[in-house]
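Across the two complexes that follow, subunit A remains constant while its partner is subunit B and subsequently subunit C.
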Partner chain A sequence: MSDANNRALGAYRSNFLKEVEANVEEGHWVKMCMQCGVCAGSCPLGPHWQHSPQKIFMMIRAGKRDEVLTSDSMWMCTSCYNCIVRCPRKLPITHIMHGLANYAHRLGLAPKGQPTREIAKLFWDNLVKTGRVNELKFSLAMYFKDGFGQGIKNAMAMQGVGLGLVKAKRLNPLELLGGHGCKDKAGIHKMVAKAREIEDRRKGLA
Partner chain B sequence: MADNKFAAYICSGCGIGDVLDVKSLEKIAQKEGKMAVVKNHSFLCNAEGVQMIRDDIANDGVTHLCIAACSRRAKAEAFSFPTAAVSRANLREGVLWVVAEGSDHDEVRQEMAEDYVRMGCAEVKKMKVPAGNPNKAENKRILVVGGGMSGMTAALAAADAGYDVVLVEKTGSLGGFARNLVKRVPFNAPHAEAQPTGVEELAAQVAGNPGITVHLNSTLAETAGSPGRFLAKVAQESGAVTEEAVGAIVQATGFTTYDIAKLPELGGGQANVVDQAGLEALAKAANGGAIKRADGKIVSSVVFVQCAGQRDETGTHLPYCSGHCCATSIKQAMYFKDANPDVDTVVMYQDLRVPGMGEDFYRSAQKKGVLFTKGKASRVAGGDTCKVTFRDLILDEENTVDADLVVLATGQVPSAGVDLDAWSAVVTKAEGGDEAAKAQREEMRSTSVLKLTYRQGPDMPQFKHGFADSHFICFPYETRRTGIYAAGPVRRPMDMFQAQEDATGAALKAIQAVENASAGRAAHPRAWDLSFPSARLEGCTQCKRCTVECPFGAIDEDERRFPLFNEQRCRRCGTCMGACPVRVISFENYSCDTVGSQIKAVNVPDEFEEKPRVLILACENDAYPALDMAGLQRHVYSAFVRAIPVRCLGSVNTIWITDALNSGYDGIMLMGCKKGDDYQCHFVKGSEMAYYRMSKIDDTLKQLGLEPERVATHEVAITDNVRVARMINDYVAQLQDIGPSPMKGFG
Partner chain C sequence: MAKKQYAFYPGCSSQKKASADNFLRSIDVVCQKLDVQLNEIPDWNCCGASIGYGEGGELPRLVISARNLALAEKNLPGQDMVSVCPACWLATREAGERLHESDSLLAEANEALREAGLDLKNEVKSRHFVEVLIEDVGFEVMQQQVVKPLEGLKLAGYVGCQTNRPFGIVGESFENPRYLDKMVEMVGAQPMETYDQKVTCCGGALAFSEPEKSQKQIRDIVESAYDHGADMIVTPCQLCQANVEIYQSEINKKQGTRFNMPVVYYTQLMTIAYGGSATEAGLDGQFIRAEKLEKLAGK
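On to the complex of A and B.
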């Protein structure tokens, strides 16, 4: 990953905006921001971010590559779409935030231990294994992400909910043994690998 | 002239007859008003009613009419009898619609109506039919000073409307500042790309127009006269002088750029720091190719610093925003991007303002990759690599950016000629015999644009920040020099599109002025008015208050120091009439007497009746319409008030105040337009003069043993219909607390 980062650094040097335009989903919109601040004022999580979307866009233009890509701000987006609805310049701000987060993750610059990032990663890994989300394994992975002892504690705390789900036939304990999946698992894996290959080629990450 | 015959016509339509006792109003008009003919009609403004009046004028020799019906602002076409003097008693908007309904109020309502009839009859007796200005001025040519975009546009607009135009241009060619531009900001959809300036085509049209006489390399050596009869001496560089007789003048003398040398902290004067005009020159030299600096290096990065020496709060530089510079920098950044998209272009702004459809232009530049940084530049270091130090206003931190070239967006400085305030100070000294001041006066005169021979000074007054005069809020093309109109950036900072629009407006104003002057009428805002002021010189004490206080410089002094009215310059506001301490100035249909007799005609009850009387002197431009609107909207106000419209609060003579107080009125409300820097007074200084005069009246009131609250001055806007009714009611309540005037019964 850091190889990709070095490559990106070499290609763009001071012009981070061009890098974002080329590599970040919807990144070509960043230059259209007119710095009105409506997104920053509309975000329900506004006070909890280090940098508002307005600031993120300004930082991109100012070439603050490290600060933007290591920021945890875009990971805080809950996709409420308030900013998109209100942006007078019609920037797809939510998508840009996710695009930036993804790009930072792929470069290995995203903040370690950021909970949104962790859950997203667990979800993705769980999903691509069989082509279906295994809810039991996903829950357990969440419980045990901070170590075995914490995992047991988490599981005990959630015991009642879990048993309730089993009784209501919303949760099958046998899923632990592999669980159901798509018919053509190999095909899914191939498809995902190909998509990644295309993306990497396009974004210079390969 | 035949004998005067007075007639009163009382309308009982619109519900007047249902609520008021019209028979008794007739009796009042006959007995107290001494009207020879008194008639009533159930629908006076219809064809039959109007015909009745016409017949009386034609067959019965009626010369003076009092029409007691609706407000003078209503049915003006129906009740237009040019050969007769007409007064209007406002029974509908002034009584019927504003006095509370119900029989409880019958008595006060009837009293109010009766007073208005008395007032109408008293007024018309003192009126004459205005004969029109016998001193007509019929020259309809239009002089345009300045041959830039504004001047050429004004000249063509006037010529297209069929008026002969004389255009005077200081330089050797038409085109002005626009000639130096590569392209202009787009005027048309989709507002995405800069457009050709079109200046050559416009110059060719002007040069080829048979109705336009162009004087190049010429300035004005002297301008004398008044609307319809200006005489301008056009001096050529060679020294030859041509006399041009014209009817009106459009001053389109444009602007100069703010001197970049005054901005050393922003790199002014250093290598590779230019202003927007400098960048145009570089772009012109590049002729569509890569733009090079003065030292020949191709520019690969450029920073535009907006608001350079503008919007300055320290008082060192221009305090205002020049309006066009954001769009101009966007256009210039496009010069670079269009030639080579890889050139780094940064526009550093504090507030990006792109008036009109400029937002589309801004977006277009963003699409081309022009970078916009919200920041305030504090220091620019010129040199081979320029360095701009700035505060990033979004990230709230100091930052720097390097560039091959820095462009400073400096502002427009108007070329409006002499500042009359400074001028009059110098003139006062010079007249006192100060030799240095005399030399300074000649020096100032040489910088004048119009070189007017007016006693008020050689140019038009300046409004703010050295821009030529403008009635900024209500009538932007109007100035305090009748028949002389400012257009383009000399009037306020603006871009080319606005300047061309402005020029067309000013040309139409000039046409209006010559047409009015040739018909012997006043100019805006009393464009129909045939009356003009005259002074009874036997009574004049030569105090010069009228000449000084006239907002329009319409009054000169003759060799014996008597006022000399210049009817074409006069706007008929009556500020001179209000100023005159000996009341010798009057109009044929508006005078100290026409208003004074109305004040005295009101029947003031004695103190035991507990019916106060409040006189309202309301400016007919805004306050009186607001009162009418209050009626139209049925906002009830006290029936104890009697409103008299005045041409301008500036025409209020203190004798009216004295008369009213002596007659036992309990209070007087003066209602005029907003005064001060953002004035709305139609006659610019009228309401301010009224405030000033009334501020002096407090002492007099105290001497008479009256409370200062008995005279109240208010600013009323035309939209204040709700407020005006509340103001009246509050004031009447306040007066009831103070108690009746002690002057009752002495009048």
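On to the complex of A and C.
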């Protein structure tokens, strides 16, 4: 287990709600949930959520730390914002789901190999590197995330799509040699590193 | 008429030679016709989309949007910031609002921004291009420019998620927004008003990571357009456009369907109705060719 996880366990022993309030984005809203169930029927990938947002809020209050943080459910969020506009208590549910997923990821508790967790990391790394997302490098990284052999297979399966996009001038093969990017890459790197440092300090992740 | 000026945030997918390159071309035509000037924010960066949360966390994600707001404030003072991508708009507006609500977050964001030589007062308003069209230009003026009504064209208006929620267009309902249908009417085409999948999620970024699960969403969206007798789907969102257009062939392969439903942007309809060519409308950038629209353009 990670040091950050041990520290969080020590600091908030048996009070998971407090931990969420302190360390999870918009976590202070969790206690406002009145368990009406509206959000539970709102997720597009609903059948694939082992625990709906409503249930996750209940589990947080019941102190089920391991079950929540190791859950696959938050990673099923498509950021559709159905829940936010429907919740009678105006909980920013989308952000709490994102916040829980990020917290579990940073503590090293999120499920290993969870595909959305992996592409989220690839996407962010791709963006921070040049300031802009390079769609070609991002898709290639996606295909090859499961190793070289699988990567070739994935790329072949989607070859029609890739070539179609190149033909339609919507994907530029030259992107591989550089492509889109910001001028002030150095500034962006320093800025993002600073933001992460501040947040990690505040949340005990550093 | 004096041109209306805006600080323009194109976003990663609407750069030249990116996946929504064709969208950008049609936006240029629409802006010229309607005296709208979009001034690109110098050195803008990616908004983090929604999926940025996984690794980016809260402050780093807010800060990358804060950088764009700060660049707009500094280089294009007094202009509203306009995005054509719902994810860009959402991320930027959300960041602006979150930093308004919390002085301590704003102070932290500024501490990070200083590393890039910037400072945010947080006075810029972040808007979607559709808001500019509806609120600043207005349906009446937009309609006056129509020289070639798209007669006989049947369109399923697919609004999707993030143009519509959580902010949406003022005065529209989250569950049944009407503005896209009104735009279809404005260009002389026929909206499918009972198209029930108009605000269904296409799977967003999970179309990559959870293809099987998302393709069920996409199948519903396309199937209902066929059920309603639509010739094509029209959308304001780049990710909706790409997901719904590109994955049809995958769904056909796996499920034996024979989908071949074109998916276009509202600005492509407007470009043709305003007398522009198929190329000006970016119709050469379709993955599934919008033949009926091309024909209308050639008339």
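Heads up, the rule we're going with is that the second predicted complex is superposed on the first by the 203 of 206 C-alpha atoms of A that agree within 3 Å, B and C clash if a C-alpha of one lies under 4 Å from a C-alpha of the other, contacts with A are read in each partner's own complex, and residues count from 1 in each chain.
The working rule: a residue touches a chain if its C-beta (ideal position, glycine included) is under 8 Å from a C-beta of that chain, and two chains touch if they have at least 3 such contacts.
Everything numeric in this text was worked out from a predicted model, so none of it was measured.
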Answer with clash or fit: subunit B and subunit C placed together on subunit A by superposition. fit
Regarding the shared-chain residue A:L17, is it in contact with subunit B (first), subunit C (second), both, or neither? first
Mind telling me which of the two, subunit B or subunit C, contacts the most residues of subunit A? C
Just to be sure I read the superposition right, which of the two partners does A:K90 touch: subunit B = first, subunit C = second, or both, or neither? neither
Touching A:R201 in the superposition: subunit B (first), subunit C (second), both, neither? neither
By how many Å are the closest C-alpha atoms of subunit B and subunit C apart after the superposition? 18
Find the residues of subunit A that appear in the contact set with subunit B and again in the contact set with subunit C. none
Could you please specify the touching residues of subunit A with respect to subunit C in the complex? 25, 44-45, 48, 76, 78-82, 84-86, 94, 98-99, 101-102, 105-106, 115-121, 123-125, 127, 131-133, 135, 142, 160-161, 164-165, 168-172, 175, 180, 182-184, 187-188, 190-196, 198-199
Mind listing the subunit C positions that touch subunit A in their complex? 12-13, 15, 17-22, 43-46, 48-60, 62-64, 67, 108-109, 111-113, 115-118, 161-162, 165-166, 168, 174, 200-201, 203-206, 208-210, 213-214, 217, 246, 249-250, 284-287
Subunit A partner, complex, touching residues on subunit B are 352, 362-363, 366-367, 369, 371-374, 392, 394-395, 399
Touching residues of subunit A toward subunit B in the complex: what are they? 17, 31-32, 34-35, 54-55, 58-59, 61-62, 64, 89
